[in-house]
C-alpha cells in the first residue's frame, strides 16, 4: 500500500490496494493481541518470601500464554499466506476480516480467565469461554476463506487451483479440532487446554502452513 | 514512505510522503485502540462457582466491545479510502488527523464506562460520554475530509469528481446519526448503544465504504 | 525497507536500510505510547449516581491526555521530516534514537501522575516529573538531530543546506521552552501543564513542522 | 511484502515474501513489548505529600525499565540486520521466530517483578525470573540464527561469508553473558540487574551491531 499512489496510477481509486489495506490493519491487531497477553500475569500482593513459590504456581498462566501466543502467531502466518493468493479484496471480505480480528483481539480475556481459574473452582467455565472463543474464531476464519475462494471469487489468475485446494484442505480440520477441545473440557479442563496448546504447537505448523509443499 | 528516498529523488524534501506518513501513524493508532478495548473486560474477585453467571452478566461489555471495535474498523477502512484520493497532505490536514486520532484513541475509556455501568445506576451518564465521543469523532472526521476535499484542495488530479462527491455524500449522515444516538440515550441508554452498534454493523459498511460502487 | 532485498541488490548488506529500520520501530513506539495514554483514565469505585460529576472532575486527565497525545503526534511528524533528510543511519544515531524512544515510551507514566494529582496535594511533584520528562526528551531529540546534521554527517547530498538550517532553527527553542514550563511549575503546576499543552497545540505545529515553507 | 503481489509475479505463491512477513510481525511485537514496559510503573495509593519521595524510591523501576527497553531495542536492530542477510524464510525459521517473539513479549512480566521486589524481600527470586528470561531469549535467538546460517541454509547468495561469520561471532557471547548475570544474582540481585543493563547499554551496541564494520 505504502508505495501505491492511486491518484497517479489510476483514473479512479486503486482497487488492488484492498489486500494491502487488509494486511496492514490485520498485522497490527495480531501483533498487539499477542503482546497484550503478557498483561494476564500478576503476582499482586504476594509477599517477598513467597514469590518463588508463587511464580511456580503460575504455571497455568504460562500454559495459557504460550497456547494463545502460538495460536495467534500461526493464524497470522496463515492469514498472510491466504491473502497472497488473493488478487483483490471486496467489501464483504473486509467485513469478514473485521469479524475475524474482533475474535482474535478478544482472546486476551479468555486467556486471562484460564490463567486465573485453571486448577481452581470455576476452571470449567473459564475453559469453556476459552474454547468457545477458538471455535468462533475457527468458524469466522473458515467463512472468510471460503468466501474468498468459492468459485475463485477473489483469487488471482495465476494462482494454481492446487494451491487453493491445499489451503482449503488445511482449513477443514480447524472447527472440528477446536470443537473437540470444547468437548474434552467437559471431562477435564486441563486436558482441553493442553490439547489446544498441542494444536498450536504441532498440528497447525505442520499442516496448515504452506500446506502444499 | 518506506521506499521513498527523498534525499535521492528530490532537490529538497519529499512532498508526497505526507499521505504515507499520515497513514503509518494512523494505522498504528487505529489497530492499537481497537485491540486495547479488550482490557475493559474484568471478572476480578469473582469466586469460581459464580464465574459462569458472571460471564453471562458481562453482556454489556460484549456489546460495547463489538460496537467500538467495528466502529474503529470501519473508520479505519474509510480513512484509507479517503487518503487514497489525496495527492498530498499539508500541515493543517496533519493536525486535523492528529485530532481525529486523539478521539479514536480515547474511545477505550467511554467503552469501559458503558461496559461497567450499562443496566446499572449511572448508565445514562456513561452512555452520554460514549455517544458524545462518537459525535466529536464524527465532527472532526467531517472537518478533516471537508478540508481536504473543498475545492479539491488536496485531491489528486486523476481522481474523478464523482468519487469525491460520493465520499462526501457518505460522510453527510455521520454527525446526525450519532447525535440521534445521543438523543435516544435520554430515553433509553441501552437502545442508544444498540443503535450505535447497528450504525457500525449495518449502515456504515453498506453506505460509506466504497460508496460509489 | 519492506521491499529492499539486500541479498540481491548488494554484495554485502544494505546500508541505506538504516533509516527505514529506524522509522519502522519508531513509528510503532510513537503510535503505541500515544494510544496507551488512554489507560490513565479511571473511575474505579465511583458509584453510579456520582458518575456524571466524576467525569467532569476528571478534567485534569483530559488536559494531560490531550497534551501528551498532541506532543507525541508532533514529535512523530517532525521525526519523519528529519529522517527524510538523512541518506543513512549509523550506529550512534540508532542508539540516540533508542534513547529518544525510551523517553517517549515513558511519557504515559508522568501523564498519569498529572492526571491523578493535579489540583490535589502532591500536584507540584507530579508536574515536576512530567516537565522533567519533556526536558529530557527535548535534550535527547536535540542531540539526535545535531549528531545527524553536524557537518551534514548523515544528510543526503541533494538536501539543500537551507532545509537543514531551518530544521535546526526549529529545534532551538525546544529545551528552553520545556525548561520554562518546569520553572512555571514552581509557582503554578496547573499553569505549567497549560503551557505544555499550548506548546504542543500552537507553537510546535506552526514553527517546527515544515519550518521552511 | 506490502508491495509484493504474488498473484501477478508468480505462477504460484511468493516464496520470498517470507522474510518480510517475518519482519512485519516481529517489528510489531518488539515495539509493543518495549512500550508496554511503562505499565510497570505505579504509585497507587501514595498520598500527595509523599509523592516526591515515592518517585525517587521507584529507582528499581527506572533501572528495570531502561534495561529491558534497551535490550529489546538492540535485539530488534540485530534482528533486522540478520534478516537482511536471508534470501528466504522457511517454516522452521518462522516457528523459531515465533518462539523468540514469545520470550520477548513475555519480558514485561519479569521486568515488573524486578521493579516491585528489587531491594526488598523476594528480590532474589524476581531477578532469577528476569535473568532466566534473558537466558532463554538468548538461547532461542542463537538457535534461530544458527538454523538460518548453518551451511548458509537461508542466506542470500551475494552475502559474503565474512558477514555471516561476523554475525555468528557477535551471537557467541550472548548466552554466557546472561548466564553470568544469573550466577551473579545468587550473590547480589542488584549487581545482576546492573550487569544486564550494562550488557544492553555498552556491550551489545558496540559488538553485535554491524559487527563487521
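Note that the chains take the letters A, B, C and D in the order they are written out, and that residue 1 is the start of every chain.
As a convention for this text, a residue touches a chain if its C-beta (ideal position, glycine included) is under 8 Å from a C-beta of that chain, and two chains touch if they have at least 3 such contacts.
Predicted, not measured: the structure shown is a model, and the values here were computed from it.
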{"item": "Equivalent-chain rotation between chain D and chain A, CA atoms, steps of 5 degrees", "value": "90"}
{"item": "Interface residue overlap between copies chain C and chain D, same or different (over half shared)", "value": "different"}
{"item": "Geometric centre distance via CA averages, chain B-chain A, whole Å", "value": "24"}
{"item": "For chain A, residues contacting two or more additional chains", "value": "1-3, 24, 27-28, 32, 36, 39"}
{"item": "Complex contacts: residues of chain A adjacent to chain D", "value": "1-4, 16, 20, 23-24, 27-28, 30-32, 34-39, 41, 43, 46-52, 55, 65-66, 69-70, 73-74, 76-77, 80-81, 84-87, 155-160, 163, 205, 209-210"}
{"item": "Residue ranges of chain D in contact with chain A within the complex", "value": "1-8, 10-14, 17, 21, 24-25, 27-29, 32-33, 36, 39, 91, 94-95, 98, 101-102, 105-109, 113, 116-117, 120-123, 125-126, 128-129"}
